[in-house]
Structures are given as C-alpha cells and as structure tokens.
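Take a look at the structures listed below.
What follows is a pair of complexes built around subunit A, which joins subunit B in one and subunit C in the other.
This part shows the complex of A and B:
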C-alpha cells in the first residue's frame, strides 16, 4: 500500500497545502494549474453525485477508483477539502483523513496564530508533523508490503 | 475545548494590542508593555482567587513563592508544571518550560523566532502580577532560543524586604 499525494483546498478553491510522496507520474503542468483542474473536477463530481443520486446523498462524494489508484475526498462542515491519492487497496481512508484533520490540521494550522486563514500554509512545524503523520500510517507502508 | 478558547483569545489579544501595523505611532516596545500589563492584572487577580483558602504562612520565603508559581499557578493556567526552576539565591530565578503552550503549535525550530516575544509578553505579566500580589516586586523577562521552549527570568527587586 502506498500514499501518492495530498491536496488541501479551502471552500473557495484555494490550494492551501500540497505534498507528495510516491508520485511516479507528474502532470506536466504547473502546480497552480493542476490545483485548479483538480478543484474543478471535484466540484463537478460533487454536483454530479448530488444531482444523480436516486436517494438522499447523505455524505455525497467519497472517493473514486481507477485500476491504478484511488482518490479519496473529505469535505468538512467548514468547507475544507482534503484529497488523498492512494493505491487501490487502501481501506478506511475516510477515518484516516478525519484523524489527519483533527490531529494535524487543527493543531498545527488552526491553532497557529501566524497562519492567516485562506492563505497557503508555510509553517515548517505543520509540514513536518503532516509528513510524519502520513509516513507513520498503515496506509503508507512501502509498496512491497 | 476550554483551553482552545483561552489560546485563541490570547492570540487575538496579542494581535489586537500589536495594533495596525501601518500606524507607526507606537513602537513594538510600548505594544508589548500593554500586553504585559494585561497579564499583570490577570495574574494579580488570579492569585487572589487561587490562594483564597491558604494561610499566609504557606509562603515562608521567596523560593516558596516561586515554587507556587511553578506548580499550582502554572498548572491552573497551562495544565502543566514548569519543567525546571533555577536560582542563584540572590534574587534571580529562571523558570523553564520546555513546551510552552503558546508556542507549541507555532514552531519547533527557529522558524518564526522573531515573532516569539509577542506570545510570551502576556505570561511575563502574569508572573509579575502574581508575585506582586504575594508581596514580591520583580522584573520578569522571557527568553526564547529554541521554540517551543521558553525561559522566564525573574529578577526580584531588592527594595522590598
């Protein structure tokens, strides 16, 4: 199992944070363009899912999967969007993202007075804790495992 | 949750007392002393509240008072004790907190080091206010070398015997 990369967007679509670990193929466009593309796609999927759902979509869009990777999506009540790309065998990523939000984002971004809401995160401490948290997770375990 | 309210309010108080950065009327120094004074009043009142059931003989000397600051006082505010207390027995005390709560979410290296004084000024005032209410006039300064650890230097003014 492995984790490829992570995007964090706010409710206005600003890319607040991006990190990658085992990303073998790059998109070939700038990070800003890629983020816009990603956010646009998520926005479309979300409205598509909500519209097409035959019953009340309680949680809406959760993830999609190709035969090579899976994209997991978590949206908080405040409109933050966490997007995590993993391999296809990853399980309970939703809980993982919720934990990440509560233990890493809230602690080291929200509670850091030097972070201005709505701007990309520059704190080294957050980057470090975030990287540590992702690497320690069972989802990250090296490809051979 | 209660701790978060205190933390976040404190950050806002810091931001507020730093004022508008464009108005060059006040220098950084006077802003810090406003913050320190808010801490002083808080510490003064808080000590009244914390020691209301304690007899006066609880504090035999300055060192006993410092121990109170390191244990009961610190625990009631920051939920932990001071990690290290040192003194030269000539009126200088150094209180060290290795994970100072107002810094612990900011950095664990030298990033943002220049911002650190803003987040310790209030606490300097807290300590000074508390000591003042217990009969010790002092000067309290803080030193941050490596976040999130912080040293508070207390210089007891010899004029009060």
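This part shows the complex of A and C:
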C-alpha cells in the first residue's frame, strides 16, 4: 500500500495545498495547470454523479479506480475538497481523510491566524504535521520498503 | 443485488446503446396549505425544489402534478401557470406530487459524452505510469463499472454499491455484443444499436444474474 499525492482545493477551485510522496509519473504540465485540470475533472464528476445516480445522492462521489491507482475524494460542507491518490488496494480512506481534516487541517491551518482564507497554505508547521500524519498512517508504506 | 442500467459508448464517445433495468421511481405526494413552505425554482421547462426539503421531497425534485393534473414545464394541462396557481390563496389546499427527474435520452447522450474526457483525464493525472482510464467510479448511491475493449468501445454498468461480479457481467455483455451486434449485417459501426436479439439476450442475462448471482452466468 502506498500514498501517491494529496491535493486540497477550496470551493472556488484554488489549490490550497499540494504534497507528494511516491509519485512516479509527472503529468508533464505545470502544477497550476495540473490543479486546474484536476479541479475541472472533479467538478464534472460531481455533476455527472448527481445526474446518473438512480436515487438521491447524499455524499455523492467517493472514489474512482483505474488499474494503477485510486483517487479518493472528500468534500466538506464548506466546499473544501481533499483529494488523495493511493494504490488500488487502500481501504477506508474516507475515514482517514476525515481524520486528516479534523486533526491536521483544522488544527494547523484554520486555527492559524496568519493564514488568509482562500490562499495557498505556506505554514511550515502545517507542512511538517501533514507529512508526519500521512507517513504514520497505515495506508502509507513505500513500495520499495 | 440490483443493476440499474447498461450503457455502451462507441470509440468516438457517442452513446450507442442504453438499457434501463431497474430505476426506482421516487415520488412523493403531499397536501400543501397556503403559502407553500418550499422554495421553488420556476424554470420554463420545469418547476423544481430549490430549498426546504422535507418528507421525502428533496432539492432537485420536479413538480409532476397538481391535484392529479399533470404539469408540463411550468404550465398545467388546462393552460394555467403553476406560479399563478401557487400565488392564489383560494386554490389551497393543493395536493402536489414531486418526483426525482428521469433522465431524458438527450441527457443520457450528453452524460455519455461527458464520461469520455473524464476517462482520459484520469489516465493523464495518474501518479503511476501507464495507467488505464476509470474502471470503477463509486458514489454513496451506486457504482459505475467500465470495461473498455481493445477496439475502444466502452461497456458501462450502473449497479448498487454492494453488487458483486460486475466485471464478469461486463465481459458477458461484450460477448453478446460480439455475437448479436457485430455479426448483424445490417449494423454499421459507431451507430446506435437497434437489434432485437441483443435486447432480449441482454434482458435475459440481467434477469439471470439477479436471480442466481454471478456464478450462473
């Protein structure tokens, strides 16, 4: 099991934070372009899911899988979007993302008075805690290890 | 164990086949007094709920009928405007029926062509090299499983999240497609599939799967 990378977007599509661990392939475009592409795809998936769903969705889109990786999605009520790419065998990533939101994001970003909402996070403490939290999780185990 | 629908999308992204298997009808009928405690959105094409969901009527549901009289767009069958009826306190109480909007054929074609770029972007944004496109897409109410053949045709099944063995089903549908569609001399590639034998065989396959599970197909 392994975690590839993490994107955090706000409700307007601004990339607030990006971090990567075991990313083998780069997309070949700049980070900003990649973020726009990713946000656009998630936006389309959301409306796609809402329309194709046979009954009224509550949480809507949860994840998709390809043959190589899985993309897990968590959207908070305030429109904050967490996107975590893992390998296909990862389980209960939704709970993990909720924990990440409560224990890392709220603690080290929302409670930081120097962070201006809607701007990318630059706090070193957050970066450090976020990295630590991801590395400690059971989902994170490098393939080479 | 429910399969909601089967979609086949051609290499160029057009919807060439669609079969709705079991789509639950979500309808709620309720008596309302003046003024209505729902915020409605009056669109010329439909009247839908914008805010204030309750008693099974949720945001996005469309007004189907008033006192049993069908509503076409934003007018009643007898020509009266829905909004005017609702503003007139003398008309109340009214029995309103709301339902989750059914997908029209046009909307299905639109959604099928929308899946195509999602499939491609998913493979481009992959953190691992040589990734395929989306194979399983899951939401809280359904899962969509997609199987792409070597020739680029996509077979998609929308099923309940707990449904097992959808991959086997997809390969069986591919077999049926190869047998009844591709061997049909009147069928031209990339065109919508109108083939009775395929329809009946697919129907039989889905029913068999619902009764006996994956192992029987």
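Throughout what follows, the second predicted complex is superposed on the first by the 143 of 145 C-alpha atoms of A that agree within 3 Å, B and C clash if a C-alpha of one lies under 4 Å from a C-alpha of the other, contacts with A are read in each partner's own complex, and residues count from 1 in each chain.
Here is the rule we use: a residue touches a chain if its C-beta (ideal position, glycine included) is under 8 Å from a C-beta of that chain, and two chains touch if they have at least 3 such contacts.
Remember, predicted model here, so these are calculated numbers, not experimental data.
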With the two complexes overlaid on their shared chain, look at subunit A and say whether subunit B and subunit C clash or fit.
-> fit
Report for A:54: first if it touches subunit B alone, second if subunit C alone, otherwise both or neither.
-> second
Where does A:108 make contact in the superposed view: on subunit B (first), on subunit C (second), on both, or on neither?
-> first
Spot which of subunit B and subunit C makes contact with more residues of subunit A, would you?
-> C
Can A:123 be said to touch subunit B (first), subunit C (second), both, or neither?
-> first
First, second, both or neither for A:85, with subunit B first and subunit C second = second
Which of the two partners, first being subunit B and second being subunit C, lies in contact with A:41: first, second, both, or neither?
-> second
Rounded to the nearest angstrom, what is the minimum C-alpha distance from subunit B to subunit C in the superposition?
-> 29
Which subunit A residues lie in the overlap of the subunit B contact set and the subunit C contact set?
-> none
In the complex, go through subunit A and note every residue touching subunit C.
-> 4-5, 20, 22-25, 27, 34, 37-38, 40-41, 44-45, 48-69, 71, 85
List of subunit B residues in touch with subunit A within their complex = 4, 7-8, 11, 14-15, 105-109, 111-112, 115, 119
Could you pull out which subunit C residues touch subunit A in their complex?
-> 4-5, 23-24, 26, 58, 60, 100, 103, 107, 111, 114-115, 117-118, 121-142, 144, 158
Interfacial residue positions of subunit A with respect to subunit B in the complex | 107-108, 111-114, 123-125, 128
